[in-house]
Structures are given as C-alpha cells and as structure tokens.
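If you scroll down you'll find the structure; I have some questions about it.
In order of appearance the chains are A, B and C, and numbering begins at 1 in each one.
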Amino acid sequence: MTDQAYNFAYLDEATKRMIRRALLKGIAVPGYQVPFASREMPMPYGWGTGGVQVTAACLTPEDTLKVIDQGADDTTNAVSIRKFFERTGGVKTTTHTAEASLIQTRHRIPEEPLRADQILVYQVPIPEPLRFLEPRESETRKMHSLEEYGLMHVKLYEDIARHGEISTAYAYPVKVEGRYVMDPSPIPKFDNPKLGGSPAIQLFGAGREQRIYALPPFTQVVSLDFEDHPFMASKADHDCDLCGCSTSYLDEVITDDRGGRMFVCSDTDFCEARRAQGHRGRLSPEEAV
Amino acid sequence: MKDLGNTALLQVAGLSKYYGTRIGCEAVSFDLWPGEVLGIVGESGSGKSTLLSCLAGHLTPDQGRVLYNGRDTVTMSEAERRVLGRTDWAFVHQNARDGLRMGVSAGGNVGERLMAVGARNYGAIRGSAIDWLGRVEIDADRIDDRPRQFSGGMQQRLQIARNLVTGPRLVFMDEPTGGLDVSVQARLLDLLRGLVRDMGLSVILVTHDLAVARLLADRLMVMQAGRVIEQGLTDQVLDDPQAPYTQLLVSSVLQV
Amino acid sequence: MIEIENLSKSFTLHNQSGITIPVMEGAHLSVLPGECVALTGASGAGKSTLMRMIWGNYLAAGGAIRVGGLDITKAAPREIIALRRDTLGYVSQFLRVVPRVPTLRVVAEPLLALGLPEAEACARAAQLLSALNIPERLWALSPTTFSGGEQQRVNIARGFVHGYPALLLDEPTASLDATNRAVVLGLIEQAKARGAAIIGIFHDEAARAQVCDREVDVTEFTPASARGAA
C-alpha cells in the first residue's frame, strides 16, 4: 500500500530527473564520478542515502526490489530500506537474487550471477579512490582528468612494503575501460572479478559526498596490481559451515566466548537456496528424519 | 656533459609576473645550457622565488616565453606541463615536507615518480629505491620508515632522491640547504655537486646564501626588486661585482 | 697560447660615492706554448688583477685576452667554464672547497669533471699527493683542516692533476719547505716540457730564475693617474 503523502519512491520527479541525468552521464563515461545534488533523506548518512536516491530514481512500480547489507537480507539496514520502498513506492520486494529486478547493496555482490534485466545499486561511503594519499579534492579531480594514477600504486606499494603482500582486502581500486580509476565501494576484493563483464547495469551512489558513477553492462574492469604481486581475489580458506559451499565469500561468526567460531556464506539468500537443495555443512543441524 | 652543445635546454625571454600593480619579476631573459648550474641570488622579496615558480610552471607568467627543448611551457597544456614535471623536471623545495609525502614510507616516496610513469614491478621499484637511498647516503634499512622519523638533512636528501629517480634533465631548487645545520649543509652540497656532475643535470638554484651559490653555481643572476640587475660567471659576479646592489650584497657577507 | 692586447681595467666603487679607480691600461702580453712568464712589480701593481682577468673572475674594461683562441673578455660564461675545464688551470693562493669532501676527491675533481672514470682520476690524484708529500692518512680528510702549507700543496696538486695547455700560478712556492718547493718547480718544468703556456707570480726569486723564461713588469701597465697616487 503506497503511502499517499509521498510521491512514488519518496523523491519528487524533478529530483529523480536530476539523478537520472547524472546516472546517464555516469553510464556514458564509465568510472567517472559525476557530481549530483544529493538530497536529505530520512535516514542518516552512512546508511545508504546515496544508494537509496539512485534506487528511487531507477525504480518503477513493476520492479521487484532486493536489499542486502554485507550479503544479508535480514539486517537492520537492509530491512529498513526494503520497508522504505514498500511504503513509499508500493513495490514488490524479495530476498531472492534471481527474482529481483533491482538490487541495492552495501558491501557485496550477490554470489548468483546477475542478468541483463537487473540493476545493481551500490551504497558508497567514500567514492574517491585517491583520497587515501591526496586530501585535496581539486588535486584529485585534476589527477583523474589527466590520468595521473601513480599514487594509486603507491598505496599498493605501501601495503606490500608493510605486510609483504597487498593487504587491501576491500574497496580494492580498479581501472575502468583503461581510463578511470574507481573505488568499487567497500566490497571485498573477492567480488572484484564480478565487476567486469557483468550483463547487469551497476550504479554507485555516494550521498554525503554527492557523487554518482556507473559501470554499463560488459565493462572492462581491471583490479590494479604489480607484475610480481598480481591481484588475487581471496576469501577465508574454509567451506561454509551451513551449506558446505567452498567457493562463496564467507563471514566468520563467533559462536561463544570459548573461542568457538563458524564460517558461513555472507550471501544469506545463496546459502539458504543451497540448503534447500540439500547441501550440508560441518555444523548443519542433524536432519530430523 | 663534456659536449658544449649548440641548443639551450631552457630559453627564457621577457618573462614578467605581476601581483596587481606590484612587480613579481620583470623582463627576465636568459638561456640555460645542458649541464649548467644557474644560481639566482638576491634578498627576500627580490623576485627569485616568483621567477622560479614561473619557470617551473607553478605560476603563470603575465608576459614572456619559456622554451624547454624548444617547446613553450607557458602555452602548452597543463597535462603536458605536469608530465614534464614528473619526468624531465624536478623540483626540490626548501622545506622537505613540501616535497615529500610524510605519511608514505621512504621507499614509497622514491618509487612514486617511477609508478607515475608506469613502473609496475614491485621488486624493480624497490630495487631502484634502495639504489637511490644509497646514492643520497640513507641506509637501505630505513626504506620502510616514514620521513617524519628522519632528521632534517635526511628528509632533504630523501626529497632529492625522490626527485632524481626518473633521471630528470632540469632541476629547480629553492633554497635546498636553507634551514639545515652548517655541517649538514656541507654534506648536502657535496652530494648535489656529485649528482649534478654525474647525471649531467641542468639546475636553476634559488638561494640567498652566496657561499652556497659559489660552491654550486656555474653562473649567477642577481635579482633586485623583480629585475635581473647583473649576471655572469659565478666567481666574476662575486669577485668583481659591477652593479651597486651586487657590490653591497657581496660586501655585506662576512666571507664567501 | 695566451695573448693579451691593450687590456685595461678599472674598479667602480658604487658604495663609496661611486669613485672609479683605473688600475690597468694598455696591457699586452703573449705567452707561447712551453713558455713560462713571470709577472713582476711591487705589491699592488696589479699582478693578481691581471691573473684574475685571464682567469675570468675580473671583468676587463677594454682590450682582449685570448686563451687557446677564446677571447675571455667577450666569452659567454659557459665558454669560460669549458675553457677552465679543458684548457686553463689556476693555482691560487687560497683553497676553496666544499667542507667535508676528502682531499683525494678534491684533487681528483678536475678529472671527474672531464669525464674520467673515478678510479683513474683518483689514481692520478694519489700520485700527485704522494709526490707532494701529503701523507696518505690525510687523503680521506677534508683539506679545510690542514695547515697552510698542506693546503697550498693540495691546491697545487689540483692545479696539476690535468695537463692543462695553459696555467696560471699565483705564488706556487710560497710557504713550502725546500723539498716540496723542489717538487713544485719540477712539476712546472714538466708542464713546460709538455708544452704548457704558463704565467706565474713568484716572490721567490730563485724559483723565478729557475723556471721562468722571461719577466714582465706589470708596473708598465699602471695608468699614469694611478701611478701618481701610488
């Protein structure tokens, strides 16, 4: 039931048009950060205000929305954003990746491969990958426009010098179509290979920083690295303790205060689907036959 | 560098920069030849730093031409100028903090220019960094330390290594020994002389210290109120100064 | 090799109410390869001034100074620098070096500037330092800490390390003991033998008599106005 006090999906149509223009420009120049006039949203910064505005601008009444937070459909952030659009847009929602036409995500890409009829919207806290070493916005913009990206490798160099390997495990910088260096939002680097060549449209929104950027379908995305320290998409060296999957990205969960722990798929929908198909892990409850 | 060469590396003609009605520098012209060290001396406010900034592309001059290898650096695009700035040119700041990334290790500081021009082999970058730290007399085991853990003299040497690692041809130096202890200055001067000779560098050196100018510069330009009032061989300008101001400047120094 | 024609020099002291002091007029001199000419004249007559004008650190007011075909009075700084590197050597009375640089490097430097390999340059420098009786234990130290006589010998070694076709010697034997004086005179004779044109100032008359082919009294070049004043 749509709450009649609000326009469809909360934002007024003029604002959506402004955001869509930014999105189109982002699609046209993959990886380029397009400034946009971010609106105040009824949620705090850091809770996905950028992603929510992009979602609102893309959503149609026919869409089915899925929202995940670190891969999970059932955390506060995911639940509240889902409820927000149920109430302001009256759209259908789902937790199943395959059923969704638009997925808003915080810090993960679903395990299940995306399709051409899907849009993935990322919540982005800090869109500027060069910010780590160059605090001046005027300078980082210039560096992007002149393709001066040596600094990005200085960050990776520092990682190796300090830790013996590239220790950056999330928000791992990528180069898009050989041109713009982009922060893929704090997804684990395990997800980086899924950024490139995806049939789905990928949109990135940073509310506080007022930036939108995008990857159109089948974009070339390369994770930065050194010849002698190549990029590796790593994950915890375990199988999921619930569904037994050996290839999915895992969360480590502390189960008691005596050192007990378990590894479970971070993508809850993926894990549930596997369990429904009969897959079992080390700590799966005994079947009540 | 033994070769005299027939083309100037830098040709400056009629360079002027104004701050409103105030003169920054005015009508400066000179040629700089490969392997030559040109000292620019004068007191604070004489326009030396303004001139250096205009030459290095940090300030846009109001009039005049600066040709580097025949290319006009005033009218070239900013992108081209910045490429020059990290390949053929180097800039050594008086304050090492202005020329270093204080949050990045010594190795990262030296490696940055290499990575900026496309070096992508970690081992090779680190090898060059170790080599250059050695050349500026910093122990290889300090490679992963950050510059803030270094003394002032070491920071300055690190800045020099960071600048020279890509083998530039023209180095701008703004009071490179300013703010250092006398003994540290001497060591740095010796190091700079050796590097200038071995790499065949052309240098534009701004200093108010005539002793530094005497030891490093082949040639001097004396500036007063934004204008070049005298220029010539370093020892000729210092031993037989012609302009009234230069005579005053030289006679005011205890001993050069 | 060295030719001076109608050379004049004056100093304008802008900070002493702009007075102009003429110190030299109509100077002429010609030195052939293998020849050593002594400049004589009372103290203040302009011997050092003439030397410095040839070296290029004093500007001429008029006339010409040609060394190896280059007119110093009209040459660009870089031409003079090249001349000093390749052709013209100068042993002054004062040693001016970067503090901290070892003596061996100080002496080898002119050769390094010529592009000689470091090992070769240092070997040649070591040879000269030994000949001039600078103990080897001092070679690694900076000459700024040395005694006057030692500094003078370092200066001489530096001036003779490269076989310059033209040499200027300002009191090369002053403050030297008999042994080292003989070594220096030997070096001068060797330089003459290989064809160097030399101009020197020697207060040491015996030395002058031994190595110089002729003498030129610079008092002849003192302007009439200045002669009266002196």
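Brief remarks follow.
Criterion: a residue touches a chain if its C-beta (ideal position, glycine included) is under 8 Å from a C-beta of that chain, and two chains touch if they have at least 3 such contacts.
Molecules present, by chain and UniProt name: A = Alpha-D-ribose 1-methylphosphonate 5-phosphate C-P lyase; B = Phosphonate C-P lyase system protein PhnK; C = Phosphonate ABC transporter ATP-binding protein.
Keep in mind it's a predicted model, so treat the numbers as computed, not measured.
Counting only chains that touch, the fewest steps needed to get from chain A to chain B is 1. Among the chains in view, B has its Cα centre nearest the centre of the complete protein Cα set. One simple way to say how far apart two chains are is to compare their mean CA positions; for chain A and chain B this gives 47 Å.
Centroid to centroid, with C-alpha atoms defining each point, chain B and chain C lie 31 Å apart.
Chain geometry summary: the mean Cα position of chain A and that of chain C are 77 Å apart. Shared interface positions of chain A, i.e. residues touching 2 or more other chains, are not present. On the chain C side of its complex with chain B, the touching residues are 11-15, 18, 52, 55-59, 77-82, 85, 96, 98-101, 112-115.
Chain contact summary for the complex, chain B toward chain A: residues 78-79, 82, 86, 101, 103-105, 107-108, 111-117, 120-123, 125-126, 143-144.
On the chain B side of its complex with chain C, the touching residues are 1-2, 4, 33, 36, 183, 186-187, 189-190, 193, 197, 214-215, 218-219, 232-233, 235-236, 238-240, 242-244, 247-248, 251. Across the interface of their complex, chain B is touched by residues 133, 142, 146, 148, 150-151, 153-154, 157-158, 160-162, 225-229 of chain A.
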